[in-house]
Structure formats: C-alpha cells, structure tokens
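Read through the structure below, which is laid out as structure tokens, and then see the notes.
Chain naming follows the written order as A, B, C, D and E, and within any one chain the residues start at number 1.
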Amino acid sequence: MRWVKRHLLAFAALAVLFYMLIPNVVVAIFSFNKPRGRYNYQWTEFSTEAWQHPCGTPGICESLGLSLRIGITASFVATVLGTMVAFALGRHRFRGRAGTNLLVFMPMATPEVVMGSSLLTLFVMMGVPSGSEAILIAHIMFCLSFVVVAVKARVASLDPRLEEAAADLGANAVQTFLRVTLPLAAPGIAAGALLAFSLSFDDYIITNFNASPSSITFPMYVWGASTRGTPVQINVIGTIMFLIALVVVVGGQAYSSRRQKAA
Amino acid sequence: MAEQLSGDLRLVGLTKSFEQFTAVQPTDLTISQGSFFALLGPSGCGKTTTLRMIAGLEDPSGGQILIGDKDITSTKAYQRNVNTVFQSYALFPHMTVLDNVAFGLKRRGDKDAKRKAEEALELVQLAEVGRKKPVQLSGGMQQRVALARAIVNRPDVLLLDEPLGALDLKLRRQMQIELKRIQSEVGITFVHVTHDQEEAMTMADTIAVMNGGRIEQLGDPATLYESPRSTFVANFLGQSNLLRATVTGEPGSDGTVVVRSHDTDLEVSRAHLPDGIREIFLGMRPEKLRLGTGGGPNQLKGTVSDVSFTGVATQYLVRMPWGRELTVVQQNDGSARAVVGENVTISWAAEHGFALDAHQDADAGVDTED
Amino acid sequence: MAEQLSGDLRLVGLTKSFEQFTAVQPTDLTISQGSFFALLGPSGCGKTTTLRMIAGLEDPSGGQILIGDKDITSTKAYQRNVNTVFQSYALFPHMTVLDNVAFGLKRRGDKDAKRKAEEALELVQLAEVGRKKPVQLSGGMQQRVALARAIVNRPDVLLLDEPLGALDLKLRRQMQIELKRIQSEVGITFVHVTHDQEEAMTMADTIAVMNGGRIEQLGDPATLYESPRSTFVANFLGQSNLLRATVTGEPGSDGTVVVRSHDTDLEVSRAHLPDGIREIFLGMRPEKLRLGTGGGPNQLKGTVSDVSFTGVATQYLVRMPWGRELTVVQQNDGSARAVVGENVTISWAAEHGFALDAHQDADAGVDTED
Amino acid sequence: GSKGRSPSASGGTSASAKSAQDMSASEKLVNWSNWPEYIDVDDKTQKRPTLEAFTKQTGIKVNYTEDYNDNDEFYAKVRPLLAAGNDTGRDVWCSTDWMVARLIRQGYVQKLDLANIPNHGNVEDSLKNVEFDPGRVYSLPWQSGFAGIAYNPKATGGKKVETVDQLLTDPSLKGKVTLLSEMRDSVGLVMLAMGKDITKFTDADFNAAIDEIKKAKDAGQLRGFTGNEYTKPLAAGDIAACIAWTGDVVQLQAENPSLGYVLPQTGCTLWSDNFVIPAMAKHKKNAETLINYYYDPKVMAQVVDYVNYIAPVKGSKEVLVKEDPSVAKNQLIFPDPQTLSRAHVFRGLTPAEETKYSAKWAELTAS
Amino acid sequence: MASVTGTAPALSTGASAPPERRRSNWVPYALLLPGLLWLFVFFVVPMITLFSQSLQEGSIDEGYTFTGNVGIYAEALQSYFPQLLRSIGYAASATVLALLLGYPLAYFMALKAGRWKNVLLVLVIAPFFTSFLIRTLAWQTILSDVGPVTSFARSIGLTNLLQAVGLTSNDNLMASKFAVICGLTYNFLPFMILPLYASLERLDPRLVEAAGDLYASPAQGFRFVTWPLSLPGVVAGTLLTFIPAAGDFINSKLLGNTQTVMIGQVIDAQFLRVLNYPLAAALSFVLLVLILALVMAYVRKAGTEELV
C-alpha cells in the first residue's frame, strides 16, 4: 500500500499517457484487420494484406504524397520566415515590437474556421484558384506564428556575449551568424520546423476551405473516406507515420545527446 | 591584418556615456607593451566598459585608442588584434574545447590552426580535454580554455575581465599563479580587471584604481599600498586605520612632522604629508601597527575588543578611548597574543604613517557594495 | 511542533551511501548547543550530504540524528526544527523578500509572521527592501535574505551550506562579520559548511575537517592549525612546508628531539612528535619561518626564487639545495625584504615544527581540484 | 469583385454558363465527382469495372472522386469557383433534381451536346420531361431512388422501426436516430407522415414538420443530420435507425442481412441524381462520351446490379432479369406500380421559397 | 525532442527586452519584412475582407452588397448564443481536464522520470504525426455503442452515472457531451503538456526542498512553490488548449450529437453548407472577439504581460 502511495504520481502519469496513446494502439491493431465488408470497425481476421499494399486504395498515396510535399514546403518556408522574425524580436530593439508580437500572436488566437474561411473569401476575390498553392499559402501563414514562438524562446535565451566573443576572436558579422548564432539557435529552429510540419501535415479545417478536387491532402482523404468507410490502408499509413515520428524524434534525441556526450 | 603592429597600448581622452550617465570619464593611460596591468575598482566603476572599448565591443563617446602608433578607435572588433577573456568565459557550447580554441585562428584562415590550438591547450595544461564540450569541464578548466582561446591568437593586448571571479579561493590562488606563468612565457600585454585587491597586488606590474569612471591612482602595487593618495585608495586597496588629525608642528630635523589627534601628539614622515594641508587623516596599515611599545614613537592606548585567528595571522580590534576601533594584524610567528579585554598599547614607526587631505569621506571605498 | 526541545545536536553513526558509493562514512559527532561549528573539506567530501541529512532532505543509510534527547532521524524535513541557508540561496523568486522571510512562520500559522519577518530583515539590515523581489537584489543582499528567512524561525540548529561561496572577497569578509554578529545575538547552533579555511578559522568555535566522507580532525581553529594530525589537514587548512626526516636522537632535556633531513640536523618538540615513529614529515607553517638566523635552532640555507607582495604580507619562495621550494610569509611591518636570487637562511623555533607519520601522501589536500 | 459586393455576387436568373476551351481531344481525361457508394466496385480488387472498361474502350482516363456527400455541401464547395467564372476542376458530377434546378437557374451548368450522347434516347420516359429541365437539355439522370427508414436490429434490440413516428419519439431509440441533412427527404418523410401531400404543401405544412423535428431534436432523440456518411455507423450499430437511401441499404444488406429497410406506409420520397456538366469544364466532350457510355443498358445494368438504385435507362431491367434475377425482382430497385404509388416527388420551390425553407432547415440542422 | 517544448515560454511571462545591438537599425526591419508581409497579406487582409463580408446583405443568388448592417451581429448572437456559450463551456472543461491530466504527466516527466524522460516526451509528441482525424475516428471505434468499452462502462454503472449528471443522454458513451469533451481534451492535451513540461523542467528542485525545510508540507510546498512557479507553463498551456478547442468542430461533429453542436460547427455550416456568408462572418468575429476578450482577461489575471 505504501508502495502504491509512493508511486501514485507515476501511475497517474502512465494512465494519462495510456489515454494519449490508446487511439494509436487501436489504429495500429486495426491496420492488421481484414474487414469482412467495406467497413473496418470490427475485428474479424488477422492479415498483413494492407501492410503489403499500403497504396492499395486509389488516391491514398497520392494524397499522402501531397500532404508530405505541402508539409515539407510549408514548414521550410515558415521556418525561414519565422526564424527571421524570431531573430528580429529576440535580438533587436525596434519600434513596433509590441505590434509585431500581436501580429504574430493573433493567428494563434484565431479559430481555424475563421482563418480558413477568411482566406477563402480573399482568394476568391483575388481570383486565386483553390488548390495546393492556396493550401500552401494558408499553411505557411498559420505555421509561421508557431515557428516564431519556438525559435524566439531559444534566441532570447542565447547569451549575446557569445556573439561578442566571436567578434572578439576575429569573426565578422556573417561568420558570427553562421558559426555561432545559427548553430546555437538550431535546436529551437528544428523544433519550430518539426512543429510546423506536424501542424501542416495534420491540418484539415483550413485546408478544407481552400482545397480543390485535384488537391486532396491526406487528412481530407481520411475525412472523405470516413464518410464511406475507411480502408485499412489508412490505419497502415497512420501507424507508419507514428513510427516514423518515433524514429525521427528518438533519433534526434540520440543524436543530440551523443553530440553532448561526444568523447 | 596578420601584421604584428605591436607597441604600447594608449588611451587618449577615452570616454563613454550611456544616455544620462557617464560610465568612463575622459581617461589618459599608457600601458607599456608586455606588462601586466591591473584595473581595480568597485562594482560599476567602469572597468568592464573600459575593456569593452579597447576590445571594440563598445563605441567610445570620445577619445582615441592606439596600439603603438596605430589608431584603432574606429576599427571593428573582429579586425583588432586584441582578445578578451570574458568573466563569463563565453565559451561556445556547441563546439569542442579544441574548436573553441581554434576558432580565432580559423577566422583568420590560419592553416595551422589545429596544431596551434593543441599547443595552446598544452600551455594551460588541458591537452587531454580537447575533444570534450565546455559543459563537461569544471569552472577552473573552463577558465583556462577561455584563456587558451584568447592567447592562441597572440594578440597585441589580452584583456581579462575578472576571469577568476567565479572561482573559489583555493582554485583562484592556483589560477593566479598559472596566469602569471603564462604571461611571462608568452610576453603579451595583459590588462586584467578584478575587484580583488590581493589578486591585483600579487599579479600586476602596475595597478590602476578606478572609482566612479576615473582612474584615481596609478602605480606599482607596493607604492599604491604604502602611499595611497586618497581615502578611497587607502580603504579599497587593503584595510586602513584613519585618524583625524591636525598638523601642529613644523618638520623636524629627522624629517618628521608632529600632528595632533585626539589629544595625542603623533609623528608622521614629512615625505608622506602633502604640502600645505593642516587637517589630515593620518593613516596606518593594520600590519604596521604593533601591540606593545616596541614599534616606534607613535603610541596609543586602548582595549582589545575582538581577536580573530586566521591561521597565518591574528587580527585584533582595539577600541580607542574615543570609541573608534583600530585594526591590528599580527603574524602568528610565535609572539605572544593579546586577549579580549586586555589593555594594550599600539605603536608604529613614523615612516609607516601616511597623511591624506581630511576634506574627503573617511569611509570611501570601505563598503564596496551599493 | 512549536515546542523548543533545544539541546546539543548529536550524530550517532550517521552514514549515507548512494548506490555504489558511500558519501558519508559512519560519523559520530556532538555539536554543543549555541556553538558555531564549521565543516571544512574539499569538494565532494560529503559536507552537503551531512547537512542534508541533518535537515531531513536526505534519508540516512544508517545511524541517528538527535537534538537534545529527541531522535529526529525519521522526522520529515518540514517537521524538524532545523533550517538551512542554501548555497544557492534558493529564494522563492515569485515572492517578495518579506514573503520569503515570513514563509516558514506562516506555515506554522504564526499570527505575527509579518512583524517578525520585518524584524528579521532589520537584523540583516535589509528592512527597506522587503517589498522587492529577490532578483532585484545583489548577491550579498540575497544571501542575507536567505539568512533572515532561516533565522526568523528560531530553529534549534541553523545549517549554512557555503552561504558565502558566491560572493567576492570583500563582500565575503563583510558577511562573515555579520554572520558572527547575528550568531552571537540570537544564540542558536550554527553548522557552517565551507571550503574556505580562512573563513572557517575566523568564524568557528570548532572546526571539523572532512575528507572522503570521514571527519579527519576536529578541534578549535588554533589547535587544528598549529597541530594538524595528518598531511591532509596540514595542507588543506592553510599552507605547510613538509620536510621528509628521520628521527635520529632521543628526547633531550629541553624537550626536543633531533631529526635528520637532507643531511641537516633539525629539532622538533617532543610534544609534537607522535610516539614510536621514526620516518616523519617535519612540518612548518610559512609564517613561522624567519628569513635570517634569528628564528631558532633550526636553520636551512636556500635561494629566494619568487617574491610576491600581497599588501599585508610578502610571500617568498625559497629554493632548497635539494630542489624543493619552501614558502615563507613575512608580515610587511617595515622589516627588510629579500629579493629574488638572494641567498638566505631560514630559521624557526623547535616548538613551531610538527611531525607527521611519513606513510602518507605529502601532497594530500594541496590541490583540491579533481 | 466590385467594392461592396461580395465575391459571391453574380447570379440572377437564367444566366448562361460559360464554357472553356474544350481540351478533350488533347487530354484524354475526365474528372467526375460523385456520391460515395454510387458505382460498381469489384470487392476483391477494389477496382471499378465499368470505369475501367470505359477507359479501355475510349482511351479516356476517369478521375473518379467520391466527394459528393451532400448537395448543399458540394454546392458550397464549387459555388465560389463557379461564381468567379473559374474552372471547378470537375467535368461532370451528379446532382439531385432540385440542385440541378438551382444550377441551371444560376447558369452554372452547360447544355449537353446530345450529338455526343447518341444513347440519350434510352432515358426512361417518366424522366424525360422534368419540370426543372424540360427536354433534358442540361442533365441526364444517373440513378433514382427512395428515401425510407433503415434500422439495425442489433441496436434496436430486435425491434422493427417502420414509422417516422417511431424515429422521432420512440424513447428506446433516444440519441440513436439520424435524419438526412437533405431537407427534401427528411422534411418530406415527416410531412408525409403528418398526412400532407408533398407535391403541393404550404408554408404551414412545412413549418409544422420542422416543429416536429425540432421537438425530437430538443428531446435528445436525434444523434445527427447526415449526408451519405450514415452507412458505416448504421452497419456498425452506432445508429439504431435512420432515414436512408435505398441503394445504400440494399448494398449493406449483402454483408448484414439483418438490416431492416422499409418504405413507410405513410409515404416516401422519390428522387434522381443527374449528370450535369459545370461551366468552364475542360473536358466537356469526354464527359459526354462518359454519359453516353453509361446510357448503354448493358453498362447501366452492371452498375445497378452493384449499387442497387433505380436505373434510369431503358433496357437495363431486361439485362438484369437474365443476369441477376434477384435484383430484378427487388421492389426497391425495380419497383412495381404499387410500390411507386407510395413514393412522392417533393415539389419544386421558387427561389424565394427555397431561400426561406433552407434558412429554416439550416437553423434546425446546423446548430 | 525537448526543444519542441520551446513553445512554452512562448506565451509566458515577460522575457526581458533584448540587449541593445550595435547593428544598423534597418536590420530588424529587413528580417521582419517577409514574414510580416506574409501575415499581413494572408491573415490581416482576409480578416478585413471577412469583416466587410459580415456587414453585407443580400443572398447567395442575388449577391451581397455592403450595407454596414451591424444588426447581423445582434442576430448572430441571438440565434447562436447557446452554441457560443456551449463552445466556451466545452473548451473550458476540456482545458481544465487537460490541465488536471497533463500536470501530473508533465510533472512526472520533468522531475521524476530520470532517464525515461526523453522516451516519455517522444510518446507525447509522436501522435501528432498520425492525422488527428484518424485518431478521432479511432475514438469512434473505441467508444462505439456496440464496443467493449461501452459494455464495460455499462456494467460498472458509469453510463448511468454519466446520464445522471447529464453528460450523456442514453446508455451509450458516444454521441454525447461526454464524448465531445473527452475528444477535445484528448486532442489538445499535448499542447497543454509541452509548455507545462518546459516550465516544470526549469523549476529548481532546491526551491521545493527549501519550502520543506521551512515547514511546508508536501501539499503546501506544491501550493506555494511548485504551482506558482509553473504558472507560465500553465498559462501558455491553457491558452494553447482553450483557443483551438473553442473554435474546433471536428470533435463535436464526429463524437457529438445534435445537442452538442459547437460554434465552429455552426460557422462551418454557415460557410460551407448554408452559404449565409454575412452571418458566418459575423459569427466568426463574435467568436474571435469573445476568445480574445477572455484571453486578455485571463492573461491579465494571470499576470503575464507579453503575450508571445
């Protein structure tokens, strides 16, 4: 009993973690299902068929590919733009700081429905056709704020004396930036990019407002499929993405801790 | 850039103001090449600002900085042949120790950067930690890396901003010895900022005591210590006993002058008395005072109010009839010790006293905290 | 909880092991009520661990802790009448200084918490900063707040874990005086951890020198300093010159014994020589050595290799014919100074030497950095 | 758009649809948006046999997208593009009658070039001349069907659900009933149950039906209003009973024979979904070729055999009688006059009525 | 990846202004320009367009004309006040729940997990990469009326209890207030945990020890030291949870019923089904302003000055 009491916190934490992971577990389990009809909601039979043909349903891998392309492009652009803004905010004093902060904060405080619909109104007015370009623009927009916030936190905690030390040791402004500032801000930038990618990859609401039939992203595909019965391949791809994320994050961790420990 | 235009470091009317506030008053100073120069003063007196101007990290509001004949006032930091050991070390956390040390050389395109960096690490006895990251080192080791990183560039001038401030006493003493050794080995000009006076005195050839943005006194350690020219220097550089006194007599044939303090006649060397001043503070260093009558013509009686043993020496506080306590330090060389409550006589030689103009604050420099 | 079951603090066989490693060996110790006790030792020797066990922040692996007759070994930290001044201060950053100080009183439901906290702040001369947040204070001020926060609870025992470690020398000396004053005013038991030996000697009634989880020697400062019982204590508590020697003679009528070191006969008090040992280290403190022949029967000749002026005193390194350097400290009381290269004689009185068993490391405790 | 006017502006009645340059010849492609589960699928390979055959036959690739889940939703998706005169990315889709009426009125669909659809004459006579598209100038039906009541006995505890009343009030179904977001089907069925004639009802009739549904909603009886996405939860048993479209349920019954489906005694709705070609479609001719293909009775029979809706193409029954008699006998697929007498077509609405009723319906369903 | 938690200080308390730099003054503006331009063109301008849209009148067929009709706001509020209130209520409940669930986990990860810390962190972040739609659909499966979870809940009387307190309307778990709030909580939990973790990880454990040393029981130590010091994380986490939760409609759509419709669902339907653009736009602004007002009030109360 005392043992239980002492480990109460651990139990609570693990219970919460369980709650957070249970859908993934269910998704993974059902990725090995062989549904009798067209709906994959009831366990019938073990099968690795979907794993052997992850693209076996029309459109699924195209939509995954599109989501990955948009996710990578959007997170790249948002990371570049956001990092620049974060550096300005974290490293410089200038007039209009407060306004800039507000402008960066607002997209995070705006419900997605509102953002998606307002963009649609604008695009229609400007004659920008719906489709992957429109989606990309939207994704860059809402990822930007999150990148700024993630990178700014890091930049603000950087010791400005390190840059002075670099200058003192003969590094000019460009060298100082490339050799000292950027590497030190890198974890924040990586975190921002990762966050941006996951937000873009996962977005449905804003995307839905700006998509065209030729730009079905993976979440839209899932949504569409859910109205008719989701193919097992969706579970397979969901599980693969989860595993990739685990590998990427664990790998990143291992890499940075190995760098830290470097003999 | 690589040419070694070495020479004395000269500050000419150098000054720095921040908005409302002048951190460094116009300062003229020459620091000769290859010397170990210490800048000493209380917190906020402008030491770091001065150093930063020399390094090029702060733009002077006025004046010039020269090395030899070359005016470097408007040269950028990365173009100056000056390096700094920062108080915070400012080691690059993402690089190995070796990369840290090689950083400056690489920026200048030195082909031999790695070998030179390894040599520099050997100089500070850290050859074996080159592959580690700075966080994996102790404070003392980090400090030595910072030193190697600066020295390896063979700058004309090396600036050290309280490099030992964060170390504990024992390590600090060790590092002081090491710094001295390195300086005599590489022979470049060291400008060392500290607010530990003992550190300054053991290490420097010349000390400048700064106060409120001005250099208050400049000289070799012994001269500064034995003949301070202001109460501030007297109190800041070591401890001083200051007695308010009036010059009553004329110089005698033995070169001493009689002054009167608290109804007692005391003698002070003529040489130590500024001209034309009658109201003075008579100052005596604690270690110059003797308990007993053997010390000289000057004698005061009092009661021991505190005794504290510090190992090498014992420090006594002796309360004077007029309430003030004098500090006496006596080496524990086996001579008899006084006890609290004992009535004692304090004596000292006339030449060990120094006189200061009484028109200043007797406690200036005592309490360095604001 | 509020009852004041005061009395001596006793550790009985107290020990602490972390997994593979024993940080504190079984220790017996009695610290009498109202005394100022200092725990001294190099980094990692187990000082903090000992304190944390007393505070209840670490569970002992064995042994007991008693205050008076009350066994508090298994009492929770928050139920012990013991308070700690942490090395890091550990002030609550989100509370005002006053709230920090009142924290402990409020937890015990003291109605008068605010007034008492204000008084405590007055005691440490910080009455006027009560409304500020800790970050707005200088290091020295923060340290005093931490002190007030602990003292205000009138604990049976106050634990101070290197409270001055982060302060600079000048501020440190000031705070030492203040701590002493407060201790004598409030009269509670202080257990003070430091690795600054000078601090321990000036402040404590009793000092325990710890090494590798054991208390190596215990006593009042002067005894510990003058009669260390191991090379570790001799080197760690101040500096020592240690000469390898062999006891050659029998005790003479004057109470001295003749020992032979580097082909020279030297004398040492019989009282300072442990029984039955022939191979010894003969130890002399630097301030006990005289330059010149006036010091006593023991004389060695050598050459001055370094002179360093520290204000109060001058430190000489004198190289012996067999290569080793001896350290001599001489108070700057006006006596003549030697210069580098000068051939000098060093002398000392027989009763100022101490002898240690030579079967130990002569350099133990010299270099405290690992 | 001009200032102060919304981007949605344009419209007015009887505007004519803009056409784009037809790329059919150079791009052998047609983009078709359709409702889910509305085409034949080979359950083993997940391929669509009639579509593949079409491609083989004509060399025209079909981008078949099942993104038509609900008329309003789909209209909202394409309307901004149509209004702005842009290509919607689709060459053909299947809209329900009333939506076709709206699209024609808005000028968002193009006239069919019947020369490209020689099979168009195969359309059932009853569907040839419809009110909203006299002479079938703009549209041709794809499938017809009824909206009736479906239930899953597993979830009702074996109970049959056969009346609209049960749907709306039976406490044992509380929270497990869905209606269609398609106003004409849901309101139509309720009005019929209230004894009204949906071919000529009044505002009051309409309002009364709305009130009835609202009562059920406020009581917590309804789980939701759905487009075509009711099928999976119905099959799973998460929906106990609902208003559903015939073919969907007949398809489900193949896997879940216990599923019940009834056309209520009080009456059900009958509707068609029709091919239309939107303005600015890039592959109009290919779309017409596609329509023509499906108007071959043999092809249509193949589709109907799978989707189980009512074929609008003459001769397909004959094909099926031979190939799959069980389907040919199914009243829901080839209804006899008696069954048909129970089915009614929701009357056409004036634009003003449509606005008014949709607003009411929206207020009920979208909140 | 610990650094993802960098978001935390994000919305947290006033980071001190950066030191003055000796760079020429155009540098910050050059850095800001592309990013801010992007935000301006694709966020601010659409917002203005949307606002203008809300003040137009007309119909989808006839087109809309700007009339400055502010009455629409009254209408929007009047018709959809319950949904608005419900959204705030659900979002607030989900936020509180996420805090209650997230805090122990974040605390455990930051202070007790030792070498498991990174593993746990990874497990918290990784689900982000499985589309949240897939995960929400998985909840449909898990909570299915005919699934084992619901059966179990029935057998232990949980369904009755939930029904009694009005969180469900029948003996199922799905399609209820309960399911929606659970779904919202689940979906935004990582946004709560990461900032909490970041601020708890910065917590100096010695402060908690100091509280114990000063007679604070573990509960008091938490109340007076740990909790207040984790407030920046709490503020950031609650904002990052509450804001998107209040505007969400996926959860209420997929897990709710006709009684649990949230305002996001209404806006979505008005935009994408009903095509009443002015009303939809007005509702969007009502929601936006309401959220901003709540956030401002909250942030002021919580004592955080700089938002980002």
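Here is the rule we go by: contacts are C-beta pairs under 8 Å (C-beta built on N, C-alpha and C of every residue); 3 or more make two chains touch, one makes a residue touch a chain.
By chain, UniProt protein names: A, E = Spermidine/putrescine transport system permease protein; B, C = Spermidine/putrescine import ATP-binding protein PotA.
For clarity, every value in this text was computed on a predicted model and none was experimentally measured.
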| item | value |
| --- | --- |
| Chain pair, most C-beta pairs within the contact cut-off | A-E |
| Of all other chains, the one whose Cα centre sits farthest from chain C | D |
| Chain centre separation (chain C, chain D; CA means) in Å | 92 |
| Interchain centroid distance [CA atoms averaged], chain A/chain C, Å | 56 |
| Approximate Å spacing (C-alpha centroids) for the pair chain D, chain E | 38 |
| Touching two or more other chains - residue numbers and ranges from chain D | 8, 236 |
| Residues of chain E engaged with two or more neighbouring chains | 53, 144, 271-272, 277 |
| Contacts with two or more other chains, residues of chain A listed in rising order | 41, 120-121, 125, 226 |
| Contact footprint of chain E on chain D as seen in their complex | 3-6, 8-12, 70, 72-73, 75-77, 79, 105-106, 154-155, 174-176, 181, 217, 220, 222-225, 233, 236-238, 351, 355, 358-359, 362-363, 365-367 |
| Complex interface listing, chain B residues touching chain A | 55-57, 76-79, 82-84, 86, 88, 90-94, 96, 103-104, 107-108, 131-133, 135, 149-150, 153 |
| Parts of chain A lying in touch with chain B, wherever the complex brings them together | 159, 161-162, 164-172, 175-176, 179-180, 183-184, 186, 260, 262-263 |
| Residues of chain A that touch chain E when the two form their complex | 9-10, 12-13, 16-17, 19-24, 26-27, 30, 41, 81-82, 84-85, 87-88, 90-94, 100-115, 117-122, 125, 137-138, 140-141, 144-146, 148-154, 156-157, 160, 187-188, 190-192, 194-195, 198, 201-202, 204-205, 208-209, 218-219, 222-223, 226, 230, 234-235, 238-239, 241-242, 244-246, 249-250, 252-253, 257 |
| Footprint of chain D on chain A - complex, ascending | 36-39, 41-42, 56-59, 120-121, 124-125, 127, 129-131, 212-214, 216, 224, 226-229, 231 |
